[in-house]
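Handing you this structure, nothing more for now.
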Amino acid sequence: MKECIDNCLNCFRVCEEAVSRAIESSNINTEHVKLLQACATICMTSAEFMMIESNYHYDTCGLCAKICRACAKDCENGSEAWMQECYEACTKCAYSCEGMSKMGH
Amino acid sequence: MKECIDNCLNCFRVCEEAVSRAIESSNINTEHVKLLQACATICMTSAEFMMIESNYHYDTCGLCAKICRACAKDCENGSEAWMQECYEACTKCAYSCEGMSKMGH
Amino acid sequence: MKECIDNCLNCFRVCEEAVSRAIESSNINTEHVKLLQACATICMTSAEFMMIESNYHYDTCGLCAKICRACAKDCENGSEAWMQECYEACTKCAYSCEGMSKMGH
Amino acid sequence: MKECIDNCLNCFRVCEEAVSRAIESSNINTEHVKLLQACATICMTSAEFMMIESNYHYDTCGLCAKICRACAKDCENGSEAWMQECYEACTKCAYSCEGMSKMGH
């Protein structure tokens, strides 16, 4: 679980910083910014549920994985360095959250 | 949606304050404290997803309703005033989040 | 204190929604977006410190007032409705946080 | 700045987990729990201000250092392993936040 918390906190940070990069870009995509904001928020929430050892962390991890997958897909074909970094952080976070989520079934 | 955000923010506050009351009580129930913490966190997350108008707010509202129902059930039979206040805030929040969540189906 | 928490939570919401409006506008001002984000975050933090009845709420209220004043100033001359709403919420929040902060001296 | 964000996020996590340990202990100290909660919250806020590159991060880092110092002092003489871990995380975070804060003067 410690590794999954690490991945969530890292993805939270990468997404928060990506929001700043996205806002500064000349060709702003508001839908993508919203997805980055949503991804940052659910990563933090998912990390917190694991930190307080709530039984509902299976649910938050499952939702975190779903949103991270969508965010990774949106970042995958971006040419900027921050998009590639975001793709990698989201993919890694999604993978570990999926693992956590499955333990609840 | 504005009403649902209001209910989530109110439930967030009531749960955060309930954590303080629960910790001060002589007969602390750690499982209940965890549930209050989880409920506060998901209420804030749910409110944020609506505020940023994320498409995933159907998911966060659904999960918020689920956790609020559980928290309300745990508070229902409490004799303290803060437990009754928490029961009412959670029940109201669960009801409006269920309504929001269903719109996504 | 209840009123000050209300003002902080309201200002948090108005600023979060203002970030969305600012991002959607054709003439995005990145410095203003950053200030709106900072204001939303410190309002939530200030509310939380009062909710948990931390002795440090004098400090967080003082900083919240400072940032709200700056945000209000930046919104004051905006022509859009959300900017006027943000100006009002920030001014009200700054005023009540200043009152709270002074009690600590 | 990256290192300071890392220290804040780490201290946030250690304090959040310390809250759980403190609540489970038979001899609960409510004042210490409040301080741990406040420390976790200001660490996250401080990290966020640096992530969004707000000019006010000098203020949030300064306040974070102050609260981390107080939390470290309260944990210093604790015999439990989590208290020692918290002492170390808070001391490290305070040191780097002080460094950041001074750059603003």
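Lettered A, B, C and D in written order, each chain numbered from 1.
Please note the rule applied: a contact is a pair of C-beta atoms (placed from the backbone, for glycine too) under 8 Å apart; a residue touches a chain by one contact, two chains touch by 3 or more.
Since this is a predicted model, take the numbers as computed values, not measurements.
Trainee: Kindly point out which of A-B, A-D or A-C repeats the B-C interface, defined as over half of the contact pairs being the same residue numbers.
Mentor: More than half of the contact pairs of B-C reappear in A-D.
Trainee: Indicate whether more than half of the residue numbers at the chain A-chain D interface occur in both copies; give same if so and different if not.
Mentor: Same: when the shared numbers are divided by all numbers used, the fraction is over half.
Trainee: Could you put a whole-Å number on the gap between the CA centroids of chain B and chain D?
Mentor: 27
Trainee: Using CA atom averages as chain centres, what separation in Å is found between chain C and chain D?
Mentor: The computed centroid separation for chain C versus chain D comes out at 23 Å.
Trainee: Two-or-more-chain contact residues of chain D, please, as numbers and ranges.
Mentor: In chain D, residues 20, 34, 48, 52-53 touch at least two other chains, as defined above.
Trainee: Spell out the residues on chain C that touch chain D in their complex, using ranges where they run on.
Mentor: 34-35, 37-38, 41-42, 45, 48-49, 52-54, 56, 59-60, 63, 66-67
Trainee: Residues of chain C touching chain A in their complex?
Mentor: Touch residues, chain C against chain A: 20, 23-24, 28, 30, 33-34.
Trainee: Help me check something: in the complex, which residues belonging to chain A touch chain D?
Mentor: It comes out as residues 5, 9, 13, 16-17, 19-20, 47-48, 51-53.
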